[in-house]
Structures are given as structure tokens and as C-alpha cells.
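Here's the structure we're looking at; comments come further down.
Labels run A, B, C and D following the written order; every chain starts at residue 1.
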Amino acid sequence: MPQLLGVFEQPDHIAAAAKRLRDRGYTDMETFSPSPFPEVDDAVDEKPSGVRLFTLIGGLAGVCTGYALTLWMANDWPIMLGGKPFSSIPPYTIIAFELTILFGGLMTVLGLFLKGGLPSMKLHAAYSARFSAEDFGLVVSCRDRDVPEIDGLMREHQATEVSLVEG
Amino acid sequence: MRSIHLTRSLPAFLSALAAAGLLAWAILGESASHADVGSTLVAGSVCEAHELKALAAEDPHVSVEIPKEFDKSFPTREACLSHAAAEDPDSPGPLQPIQFSHKHHAGTYEIDCQYCHSGTDVSPAAGVPSVELCMGCHNQFPKEYDQLEGIRTLKEHWEAKEPIQWEQIHRLPEHVQFQHRAHVRAGFDCQRCHGAVETMDKVYLTEDTIWWPWGLPSKKLEMGWCIDCHRENGASQDCYACHY
Amino acid sequence: MSEFDRREFLKIIGVGAGGAAASACSDPVEKLIPWVIQPEEITPGLPVIYASTCQECTTGCGLHVRTREARPIKLEGNPEHPVNRGALCARGQASIGRTYHPDRYRSPVERGADGSISALTWEEATAKVASAIKAAGSKVAVLGGQTGPTLSALIDSWLDAVGGGTRVVYEPFAREALREASTAVFGVASEPIFDLTDTDYVIDFGGDMLGTGASPVEHSRQLMGARDARRERGRAARLVYVGPRLDETASASDEWLAPKPGTEGLLALGIARVAYDAVRASGRTPAGDVDAIESVLKPFGPDSVASRTGVPAEAIRRIGSAMAAADRPVALPPGVALTSRRATATNAAVLLLDAVVGAVGRAVTIPPPSEGPVASFRDVAKLIDAMRSGDVSVLLVHDTNPIYSLPPDSGFAEALEKVGLVVSFASMPDETSERAGLVLPDHTTLETWGDASPRPGVRSLVQPTIRPIFDTQSLGDSLLAIARALGQERAAGLPSGSFRAVIESAWSDTDFRAALKRGGEFSETGASLAPGVSPGIARLEFKEPTFEGDGSFVLLPVPSPLLTDGRGANLPWLQETPDPITKIAWQSWAEVSETAAAELGVTPGDVLSIETPYGEAKVPVWPRGGIRDDVVALAIGQGHQVGRYASAAQEGAEGRVRGASVISLLPSLTDESGGRAWLAAKARVTATGSFQRLPFTQGTDNKRGRLLGESISLVALAKGESPWAPNQGAFMAAAPHGEEHGGNGDASDDHGGGHEGPHEIRRAFDPSDDSEDGDPFRWGMTIDVDKCTGCSACVVACTVENNIPMVGEEGVLRNRQMSWLRIERFVGDGYQQLQTGRPGPQNHEALGDTDVRNSPMLCQQCGAAPCEPVCPVFATYHTPSGLNGMIYNRCIGTRYCSNNCPYKVRRFNWFDYQITGWPEPMPLMLNPDVTVRGQGVMEKCTFCVQRMQAARQDAKSAGRDVPEDGAIQTACQQTCPSGAIVFGNLKDEKSRVNTVAEENAGRAYRALHVLNTRPAIQYLAKVKREEGHGTGHAAAGPVRPEKSA
Amino acid sequence: MTPPPAESVAAMIRPTPVTRDSKANRDLLRVMEGGSLGYFALVALAVGAMLAAGGVWIWQVYEGLGIAGYAHPVFWGAYIVTFVFWVGIAHAGTLISAILYLFRAKWRNAINRSAEAMTVFAVLTAAQFLGIHVGRIWKSYFILPYPNQRALWVNFKSPLLWDTFAITTYATISIVFFYVGLVPDLAIARDRATGWRKVLYTILSLGWQGTSKQWKAHNRTVLHLSGLATPLVLSVHSVVSWDFAMSIVPGWHATIFAPYFVAGAIFSGFAMVLTMMIPVRRIFALEEYITDYHFENMSRFLLLTSIIVGYAYAAEYFIAWYSQVEPEQTSFWKRAFGPYWISTWVMILCNGVFPQLLWFKKLRTNVPFLFVLSMLINVGMWFERYVIIITGLSREYDPAVWGIYTPSWPELVIVAGSFGFFCQFFLLFLKVFPVVAIAEVKELEIHAKAHGEGH
């Protein structure tokens, strides 16, 4: 199954191209961009990334752990200190807060890995150093006979070049 | 010295005897009844004598010879065995300067712990008996007991007015102030912490580990182990109870 | 924690019988070494207490030696002993260290001509002395300090036995002038005994009776009992002090007069004259020769005396009539510092005053002359001549250190060269023993037998409480051995047994065992005389003393309350304890008045050169208000060259002198009757321009009006309501002294607080809030600032009881001293003082001002302790009994607790003091009940929790579930001579700690209570009895001119 | 359906032309190449300082804290001062990356990378001092709430424990944040590097290739981390300030402390960024990326925070006077005119007065001036902590035991060593990681290009 790689120089061009191709039913596509451009990413798939959920779960876990830890430990062996109550919420809130941040942050990174498909062992065959320079790449898989149409569409959207990806 | 040496390797010695006995029986069959001198076993000490008698008793074919001077009832067989066991390097616990057997004293003769370790009920420290105290009894015992190395060492110390340097087995860190009297008063057996000393020839630190809910062990004489017992019995959990 | 620990005791229990300390110390810790023969009375783990007698000075206080496993670990006063009644002074507390001192001679030693040291056996040593004595014939002399009667008698008979020879008793601080005076006034050659019990008017003519007097412990107890604030409704004693310097007694006095040094006698006569007239007017007649009295008193009218002494005539009249009117007045004679060349006359004048006001036979009793030799400076002079002229070929020195304590001018050092053989019996090296050809080291008090008879009716015993640590022998036994070595015929005259036998035979008239148990034989009904004034008094002439030298300053040699005549200098516990007045440790200082300092242009620490015709000394200066402008005062005791702690060896400078010795500046002069005159030189004082930082432990005596060392006037006290009630929180004490000290009121209004202060606290104080409900205890303390004289006995007691290390001079220079208990000394209420820059130490004393508050500061065991919540690991916490616990082995050393402690009573182990600071065999005196702290942990006062735990166990064993009140005594409380400290259970209404506080509710306050720390310690404010007098400071008001550096 | 004409397919199969790299890549990757003699001299200096400090520290552990200048009652000294100082420095990084990110302040792109790096290194440096200052480092694990056989936990009421949690959290989060931002640039480096760097970057870049999924997740992650880091950065220095504010020491016990410390932290952090970036920009000729415009924005921040800090100083004195509490008054009087007056005036001048010059645009844009000023501010901020801690402790409630503390030379060596410790990491960072966030810089470039073409 051939893959066509279109190279673009501007984000809105590739975005438009991607959109157009998807309308024509070519859904199996991937983009490479040197910098973050939401329009490009959304053109491929406008569903928001699921990272937010990870952060939420992490944060909640953190705050619970924080209060549970402090309250339990303070009462497992209650020791009098300066006439203060054993379960004194205000100081424990600080611990809970810090743990919220900690767990939330770590979970977020986990989200990045899972949702971003990282770490990935091998790079895409079509990927090349130019895409970490200034060029944008759009890879589309299609049936042989659709090649000319896609080629045409890409050039239509000012693809500087279109080529077949080997292997 | 030979007797001492033999006694020290008592287990080996006994198995050798048994082997010899079987061999004799196999070869000579009935004729073993009038066995020749070669297979006669000669006791080198009272303790050996005890063992040989025992052997002869259970196997009439073994011929044993007990020289007159060793044909005595003291030291008793129990004494010999305990004495031997107390210096068995393979059994747990450190070797003490004297082959003293708690089993023999506290177990067999049921001497109360506090007879020797006096003051436990009135003092924070459990006293270690003075040489004088040991001699108090051992002076009255028949001379034959001197065949035991331990007894001789004891008497040497007594002559030289030299204190005996025992190896400490139950040892708390420097920053722990333990009150024996409090625990004795509360009616705890010594065994609660010291293990069944009356069954040990050579005293050692017995294994007693408690497990915390979070899956960590606390070994005997570690703080957690003390705390656990204190909680169980509603004793003080004030740090000042032990640390000051 | 540290390797060297309380287990050290178990390790060497055997020593009690085995006598192998040295070897045992090197055993690994894991060894258990029991006794060979276990003494009846000893149960390992429990203390055994033996009664004995303190030999640190000649007062002869009774001791309770607390031993563990046959090893003394603490000295306590013997409650049955009539002299000290259970209390003990700082010196007595520290004297336990002599036995464990690292400097001690390990065995007899011989010093070769080339100064080489070689150890001897006792046989050799004894033989050498014997042969020397044989050769010397009667050219033998014994020079020694005051000893117990039995030993003294033995020495005499020994001298006869070995072929005659001279014996000289020498005590640097002997009160010969007093004896002579008593001879002159009463015709009885003995030292009068002064009993302040129930006195109502006391005047001390420079004796510093509470600090360095004849019997400070006893006098503190008696005086403080007599002037207890609770008796103010009745007639509590007034204390008037006469002397050039604000010392301990002056600080405690109600009125302080500072006449020209040496004219105290004249002042006494002036007062006596006024009193005499009043007495006669009231129809009484003093006992004795009235004509003699009148003839003596005639020339001393108040006005002439006023002009001669510089004391206002009004004061003389007032005091004179007050003495006459008083029910039980007493006047005390001057002490060492004021023994001028007319000391006999001065003492006589004071005794005369006593006779005039009828104190003799009541507060003052004259014991019959004591048999046996008495200290005499004249004899010392004779001996020196004899030595110089080669009439002494063998000199035996015991219990004294003449090379240090005799002025160089006396020529003793040179004369010593002429002596063939000098034998010293010192137990540790001192300047004299360093020059001895032979040293036969004596036992220490704790190792030897002996006895003492402080006064008629009181005989007390010294008994050994530990096997000799080193190869030493008691003086008595050494003498007997020497005599025997000389051959039978000589020894025949002497007792045959050991010295112990000698003691027993001397006590054969009593039940020896009973005496041993009690510590001696005490019958208060000692034979004493109440003679009238004898005509002999007329022989004395009363006029101003003369001084040597042309300096403009009178050189005042002050006995140190800690180092005495220098014998305490090698005890680190005393060196590290700050001087009660100046709060300086480990060093010498020169006191001059601030005006004088200003003229000299010096500030604290600038080194002065003090020059007399007899020598020069360079000493850093400590300018203060509480001293006459024409006086420079130096404390006796420092300036040693020998001794690990006495010299600068501690700082690594072997052989360098620590501080300066005032004795080297003094002439070898006598008063009119041959006693040693100390106050005899004038000094030329100049600034050298160099500077030496003084190891101060307290930077300022200005409490800035904060609620720390409070005082209250009788007026305010009579009003009844406490100015420090919890609902009046303020940093400034709300004007407690009524109008005449209104300054403080202003202060509180000016500087925050007052009644409408922002730190107002409405919560009343209830001790039961501060410990667990289930717990029967809330430990607390009541400290009476009015009773505290600042003597620092408690500080040393605490140090010894709790294994507190010494940090040495460098340590103190960085405020790193470890003492858990310090005595803060404040003058007046203070004021907000806004200096700029880096001001030096501050002093706010003033002549005539006795408003000095000595306020012991220790952990307040707060109910709401700021230190507790900030510790991340629970190393400090609140115990169920309301203590503020400190767990050393949990501490990781963040030191946050100390930052958060407003009282700053926490100490930190900056180094591993315990190991590095405790050379052998000192660790043997560690208290096994107190954990030894290692490097990097915090420590602080625990209210002697080890004693509580022990007492609670004992109570339980005895079937009670709580120890009864008083069963637990903290070390500081136990030793306090004036009974200022009361410890007990605050939850128990009837406990003394509560009752004392209630009875004194009017003056009870809690330090800095506005911080709402809820301290467990209640202070009782000092009482100002004499409005107008003794308040020179308050008169100046709180806003004094800035004294900023 | 018919297959495509063979020739058209053939026409498409041609070797891809050699890619022309972007200028940003070339310029910014060049920084990492080689290393001058001067560079290695600096490294040697930094490492040397650190080793010296390490030696002294080992000695201190062996001998005892006594070798430091502590004097009763001043039980906290130069170590805690330096701890707070470094924690403060750590704040600029997170602030620049997180807060400015949330505010969409694009100018941050030029400096956020190095700022984040500084954050990480500064936190690590600060953490050292928690260990250096305790009396028994070998027991300091007691402070962690780990399950143990003693059944004994820790005291969560102690500000020191809050500290422990805050610092560890902050270290973790800032490291994570730093790395996440780094990944795309590491990919850029990977595509161009050779030899060991190739291997290193291949591993570190996790196979990043800028696909839409990756960028989506990445944006989201950066957003959330910024959201979390912003309250964190504020909390951390508040907690540090509570170490003091929660106590009763006059001069410490103040409600103003948390905001006051946070402002101070940001202040010192920005100063440190300037101190580091000005030479870097000069040496590696990055004027094009780190422009005067960036520096001016930073100096605006300096001005703002300096005003806040100055206001805090003033407020402290006013409250001390207004409270009419004598110990407070005395404490603050001593601060300004007592033994430590020099430190105090250094602090007031460097932090409160000099930065006011930034009102002038001429000076804001004068780089050498900014460099000198930032240096002064660093000094001033160290002294601020010194003044607060030492003067507070040396003049407390009991006048009888006031004390004077002066740092001893071992302390100063260790303090100096901490700078070496920090700098060695920063120098290493210069050579191993892109000093500017290339991808983000490029984002702007590409936009510019697009709009340049008149859309």
C-alpha cells in the first residue's frame, strides 16, 4: 500500500491540504511539523488529547494521599506537642497540597507518554531531518490508483514536492 | 586432659562407640560375649564412665572397663552432659568463660532466677551473681566436681579474686533506660524477654519478631518490639519512660 | 550515641573489690563483670548513700555521697548536719571532681635534680623520706593546711616521735584578726560564731557572708529564713552591707554603704556609739567594762566618723538607733578582702558593736579556745626564716600550696631552694608539689578517713566511699609508715594500726557505726561562753590603716566565691561556672568604677596594667557601677601555672598562666597582731592599649523592663494584688513599685504592653491543662528571686548530676557553655536601650544601689511550648506528666527548637564534648542514670527526670502509686543553700510548690508569660524592703543616658 | 479503476533533495559544539570550588558543627541563609516558563529554557544545605515518613517537614517540566548530531517526530504542568518563609512573610537569569534570539518585584514601630543600627534603592548596566536572608543571652562551593542541551514568514 509524502512550507497550507484529503476520505494520514501548530494538529484529528484526565486523576489521588497520610500517622501514635490537636487540618493541608501537585504532575507526564505514543523505538519511514528544520510533512496511505489524485491535491495546496515513500 | 578432650567431642565419641559395638557384634557374633581386650572400652573420666555404663546397659555385648577412680556418682551424668553442651561451639550463642548451663541450674534443679540475679525486683538492673554467690553452693559440693573444667575455672577466679567476664547477650543501646523492677512488679516472666533460659545449656538471644500492619518486622529488643508489648499491656508509651 | 557511656559502670563493677580500674576501663563494652564479693548494701542499679564531710574549705559541711556500684557520682548535703542542713555550695558540689581528676598522681614520684620524674613504689618512697628524716634529726618541719582534729593530733605526735621538729598550720584565708580581736574584746582567743537565725537586723562589715564568708551555706539559710517575705507582716530581718564593692551579700542587702576601704571599723564604732547612747537611754547596760567601752567610743561621734569614712552621718545615726532598737541584731566582721593592716582593730570594733547592742550570747557566741595548733601567719614567717638560714633540711607539705598563695615578697620560693628535701603530699600537681623532691600522693576526701569539728558540739566524720583509684595513700597512713620505717623505738610512741584505727580510737567515746551512718555527732548544745567586754580593748588604737605604694587606687584582693584561695582553679566545673557578680568564666578581670574607666579611657576587655611596689599584672578590665572610684578589685584564684584546667593547658598552651594572680601584687605584711594583711597595697593603674575578649556569659544586666527578674516594693506587696496577673500581659512589667519607681510605669506606657498592650492574654493559668488528664502529675517549680543570692551552687549541682560537659574558654567566648541552668543577673527594671554599632557588655550598677535580681533561668517546661511543634521528628515533645521532653537519640539537630525557645535554655552539642572533653578517669563520675549526649544533638533541663522515674518506681515498690510530695528533689533544689527553689506536683493542691506560691501570690509571676507559653515555673519577685534606700538605680529612673560603644 | 500511468509514478520517484536546515537550528545548535579554553577553565574553577566545599563538609561531619561560627543563641547561620537564597533563585525559572506561559507572553521563549535549567540546578543546590546544616546528617532520614520498625512517624506540624515536602515536590516538577520542554529540541539535535551525541539524543528524544498526536499531547502537558507549577512556585517559597514566620522570634513572626519572600524570590531569580544570560548571549552571539527586548522585559519585572520587596521592608519597620512591642522594636532597631547594620544597608540599597534606576528606559536597555545591577541584586538578596535570620536570632526575648554570630571560614568555603556546584551544572547544560527553546523560537519565525508572504 503506497504512502505519499507531501512537503509544505507553511502550516496553513498543510492544514488545508490535510482537511481536504480527509474530506475526500483519506483518513490514514500523519503530519510532521517542526513546531507546535494547533491548526495542523486539528486538521488531522480535532479530538482533544486525553492528557487532562491523567492530570485530574493524579491530583485527586495526591490530595487524598496527603490527608490520609498525615491524619493516620498523627493518630497512629499520638504525641502531644505544644498543646495542639493531634489532627490539625491546616498544617496537613500544606502536605496535601504538595502531594496534589506532585502526583498531578507525574501523572500528566504519563499521559504525554501514552497519548503521544512516546517513547517510540523507530521513526516513520517518511520522517527526515527537514521536518525538524522548517518543512512540514504530510504522509497519506492510499491505494495505488489514488496516487495521482492525492498528488494533485497536495500540489494544489502548494506542496513544494510530493513523493512516494519507499518501503 | 584426655578426659576433657573426649568429653568435649562427646557426640563423636558416642557414635564411635556405637560403631565399634556393631562391628564387634557382626564379626564375632555370639563369641563377642568373651571379647578380647582390644575391643574393651576404657573410661578416662567420670563423665566417660557415665557414658560407657549407659552404653553397656543398652548393649550387653560391649565390654567396658571402668577404672576404680572413675567409678563415681559425681559429677552426675546430667552435670556432665550440660557441661559438655554449654561449651558446644555449634550451638547458638557465644561461648562463655565458664561452661555454665542455665538448663542445669534453672531447669534441672529449678533454682529461682532471682536467687542468682538478685535485685531484679527492686532495681533497674538485673544483678549478675558474684563469684562469692556461686561458691556459696559449689563449696559444699563433693571434690569430684572439680573434674569439670567449668568448676575449676570458677574456683580459679575465686582464688585469684578475679571477677568473671561474662559475655553479654541481652543488650540494649546506651540511650535506653530499662527498669527491670517495673516489669517484674507487673508480673512478667523473665522468659517474656529472655526466652526459655531454663531450657538452654548455653544461653542465646531467642528469635521473637512482631510484624507491623505495614509489613515490617521488629526483632526482639528493638524499639518496635518493646512498643508492641507496651501497647498490648497498656503500659506507658511516653518516650521518657525509656529515654532520658 | 557515644562509646563511653553509663554502661562503663557495669564494666567496672568488679573494681569495687578487684581494684583494677585501669585494666577494666579498656574492656569491650559487651562484657558483664560482676563482683567477686558483693557488699551487702550494694544492689547494682541502685544508689547507695554514705555520710561524710566536705573538706573543700574549713567550714566542714556534712556530705551525703551518692554512689552507684561503689563509685561516688554526686555529692549532696547531709540534711542532718547542723552546719549545712542538706545544702551544699558550688565548691562542695564540684569537689567530687578531685577524685576523678586526670591530673592526679598515679603513684609516688621522685623528682631528680635535673627535674626528671620517676615513679616509685610506696616502700621506696617511704624509705627515702625516712632516711632523710633520720639524717635531718630535728631539722624537720611540717607545713600544712587546717586538718581534722584527729589527723592534726597524729601529726603532732608523729613529729615528737620522729625526733621533734616544727609544725606550721597555714591557711591563706585564716581569720587570725578575728581571733585576736576576740582576745582583745572578750579575753577569749577563739573565733566567734555568728548565728543569724531569727535575727531582725544584720549588718555585715564587708564579710560577704553569703558568698565568701566563714560559712556561706549556713548563713544564707539562716538569713533567708529570717527575712522570708512571708514574715513581712511581722519583722523580717533587714540586711545592711558595708563594703567598697557590690558583691553577693551587697546584692542581697537592703542598704549598702561604701566607706573608704579600711575604715569599716571606724564606721562600726560610730554606729556603736549611737547605739550605745540609745541602749543606755533605754536603761540597759552592755555586759563588761563599761568605762572601757565609753573610752573607746568617745572620739567616734557620727559627724567625725562621717567625715573619716565618707558615710553620711544621717545613715550612721539611723542604723545605730535601729541596731539598738532591734530585737535580735547582729554585726558581722570583715572578710579577707578587707583585712587591712589594722584588721584586728576593725574586727574588735565590730565585736564591740555586737557587745553594745547585746548580741553577744545570743546571735554571737564565743566558743572556748580550741586546743591544737591554729593557723598563724607569724609562724609561717618564722618558718621561712628558718628555711632561709638552712635550719630546715626536710620540709613536709600537705593540704596547702604556699608557692601560689604566699606573696613572692615573702621569699618562700627562694627559701624553699635551701631546703634539703621537700616532700609534698598533694594528690594532684600544684605549684608547690612541682618543686618537691618527693611526692607521696594523698587520697582524696572520698577515698580517705578523717574527721572535722567545725564548732563545739559538732563533730563529723569523713569516710571513704570508693577504693583508691590510683596507687595513693592517705596522709595519716603515710606518716605512720614513715615512722615505722624509722624503726620500732621511734614508732613506739605512735598508734600501731592504720589511720582508720586511729580515727576509730579517737571516736571510741561514741557509737562509731551510728556516727558513720549519721555522718558524725551533732549536739547543738556546744559549750560556748558569753563574756562581757574586757578592758583589754582599750589597748587597741582605732584609726585608718596605711597602704604601701603610691598608686591612686586601693588594690582590693577579692576572694573568688568559686575558686576560693585558688584551690578550686583546677576544677573545670568551677572554672566554667560564671562568677556570680561579673558572669565571667575561665579568666581574670580587673574591676574599676565606670568613672575611673572613663578617666583611663578603657572599655570592657581593654587590658590594664596594675602595678604595685611588689609586682605588675596585666588584666582585662571590667568597668562597673557597683564599686568605689578609688578601688581596683581583682579576684583571687586565677593565675596558676600548673594544672590542666588551672593553667592555660586547656587551651593547648602547656605551662602558660591562665589569668593573673593578685597575690603576686601583694606585700607580705601583717596587721597589728601578726595576722596576714591582704588590703595593704595601693596600685598604679594604666591602660596598656591592648585588648582581650573576656569570656562573658551574660552581655547585659539591663532586662529592658521585660518580664524576667522582677522586684516588688513592700508598698505594692501590701496592696496584695499581683501586678503580673495573667490578664495583664505585657513585655514591660506593669509598674510594680508604686509612685517612687514610677519610671517603670512610664516605661511600660512608652514601650508597649502596659494594660492595653497588644499581647493581652485573657486565659487564666490552670496547670491541669498542661498534662494528660489521666496523669497524676504536672511537674512545676517555684523559684524565689528574693532568696537567690546567685551563689551558683545549683549550676554546678546540675552539671554534675546531668553529665554536662565543659567547653573551655574558647567555648565560652562563643557562648557555647552547656549548662542547663544559668543565673541571670539583672540590675533594676531596665529600659529600652537603643544602642548603635556593636556595644560591649553593659553594666547598670550604681553605688548604693542594691536592686540586683538574681533569677535562675532553666527550661520552663512550658505547657504550650514553642519548641515542641517545630521539631520535625518528635525529638522534643510534651510528656503526659507535663514535662517538655527531649529525646537525644531521636534528635537530628535542626536546632529549630532552640530558635523558637524564648528563654534560650536549650544547648547544642557542637562537638563530641563527652569523648574529647573527658579524659580518664573523669568518665567514671558520669551519672549512669543520664544518657551521655553525643555530637550534634540538642539537650536541656529535664527537671532531673531520672530522679522522678526512680522515685516513681520506688513509690510503686512501696505500694504507693505516686511518690509523696518532697520525695523528688531536683539537683538544683537539693543543693540551694537559701532554699529558693521548690519543686513538686502542680496538680496536688497541698504540695509545697503550690502552697509556697499561694502564700506569696502577691509576688508570683511567670517569665515572659505574655508569649502564652504557659511556663511550669513560677518566680517570686524580689522584695524591696527599704524604700528610698538600696534603690539608687530606680531613683535614676528607667531612662538613663545611653552607654553605647 | 485503472492503475496510474507508469510514467507519472516514475516521475514521482526521485531522490529527495538535500534538506536546507533552518537558521535557528544552525545558530542554536552551534552553541553546543566544541568548547573554548576559557570554558574549561570555568568548569575547572566550578568543580574545584565544589570539591573544596565537599572536603570541608566531610571534615564538619567528622568534627562536628562547631567548626561553623554558630554562637548561642544564633543556632541558624550561613547554611540556612544560603539555602533560602538558592530556593529563591530557583523561582524565576518556573515563573518564566509557567506563569508567562499561562499569560501567553511569547517573549519568554528566548529565555525559558535556561531559566528552567537554573531552576533545576538551584533547587538541587538548595537541597544540599538541608543536609549540611543538621547536626546528625547520618540520622537525617528520620525526617522522612517512611515505614519503620519503631512504629514512630514524623511531625507534620513542623514547618521543616512542610519544607521537605515542598522542596522535593518542587525539584521533581521542575525537572519534569524542564525535560518535557526539551524533548522536541532533543529531536532536532538528534537529527543533526553524530557520534555519542547521536546516541544520547536518540535515547533522550524518545523518538519524537513532531506528529500531530505528539504535539497535541505535548501542548496539553505543558499547559497542565504550567497550571500545576504556578501555585507550586508560590507555595514553595511561602513554605520556606513559614520556617521563620511560624516561630515566635521577633522579626520572624510576621504575616507579611509569605508574599514578601515570594516577591523576593522572583526578584533574585530574574537577577540570576540576567547574570547568567548576559555573558552567554555575548559569548555565543545569540543577540538575534535573546534581544534587548527580552532583557528590558525582565528588568521591568525586576523593577516591579524590587518595589514589592522595598515595600515589605518599609512595612516591617512600620509595624515594628506601630506595634509598640518592645522586643520587636529593639530587634528592628538593632537590625538597622546594631551589630549587623552593614548587612542591612547593603540589603536595602541593593534590593530597594538601586533597582529604582530601571525607571529609565536608557538603563533598562543598557546591557552592561543590567549585568552589574543583577550582580548587586544577587548580593543584596543573600544579605536579605542573612539579615532576617541572624539579626532575628541574635536579639531575642531574653536580653541576658543575646549573642553575636560571625560566619567561620569553613562555612564560607561551603557557601562558595555551592556556587561552584550550581555553575558546573549550568556550564554542562550549555554544552549538552539547546540553550534556547528552538522549536518555540521557530514557531514565531515560521509565523512571521507566513505573514511576511502577505496572508
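FYI, a residue touches a chain if its C-beta (ideal position, glycine included) is under 8 Å from a C-beta of that chain, and two chains touch if they have at least 3 such contacts.
Quick caveat: nothing in here was measured; it's all calculated off a predicted structure.
Nearest to the global CA centroid, when each chain is reduced to the mean of its CA atoms, is chain C.
By count of C-beta pairs in contact, C-D exceeds the other of the chain pairs B-C and C-D. Averaging C-alpha coordinates per chain places the centre of subunit B 57 Å away from that of subunit C. Averaged C-alpha coordinates give centres for subunit C and subunit D that are 59 Å from one another. Here the spacing of subunit A and subunit C, counted between their Cα centres, is 81 Å.
For this pair, subunit B with subunit D, the centres built from the Cα atoms lie 67 Å apart. Touching two or more other chains at once are residues 77, 79, 81, 84 of subunit A. Subunit C has residues 866, 869, 871, 874, 877, 879-880, 890 in contact with two or more other chains.
Looking at subunit B, one finds that none of its residues touch two or more other chains.
By the touch criterion stated above, subunit C contacts subunit A in their complex at residues 769-770, 772, 862-869, 871, 874, 877-880, 1014. Every residue of subunit B that touches subunit C in the complex is listed here, in rising order: 118-119, 121-133, 157-158, 161-168, 171, 173-175, 177, 179-182, 185, 236, 238-241, 243-244.
Every residue of subunit C that touches subunit B in the complex is listed here, in rising order: 1-2, 5-7, 10, 13-14, 17-18, 27, 30-38, 43-46, 874, 877, 879-881, 883, 885, 887-890, 929-932, 942, 945-946, 949-950, 953, 956-957. Residues 698-706, 708, 731-732, 751-753, 757-759, 814-817, 822, 824-826, 830, 832, 834-838, 857, 866, 869-874, 890-896, 898-900, 902-904, 907-912, 935-938, 1008, 1011 of subunit C touch subunit D in their complex. Partner subunit D is touched in their complex by these residues of subunit B: 212, 214-219, 222-225, 227-228.
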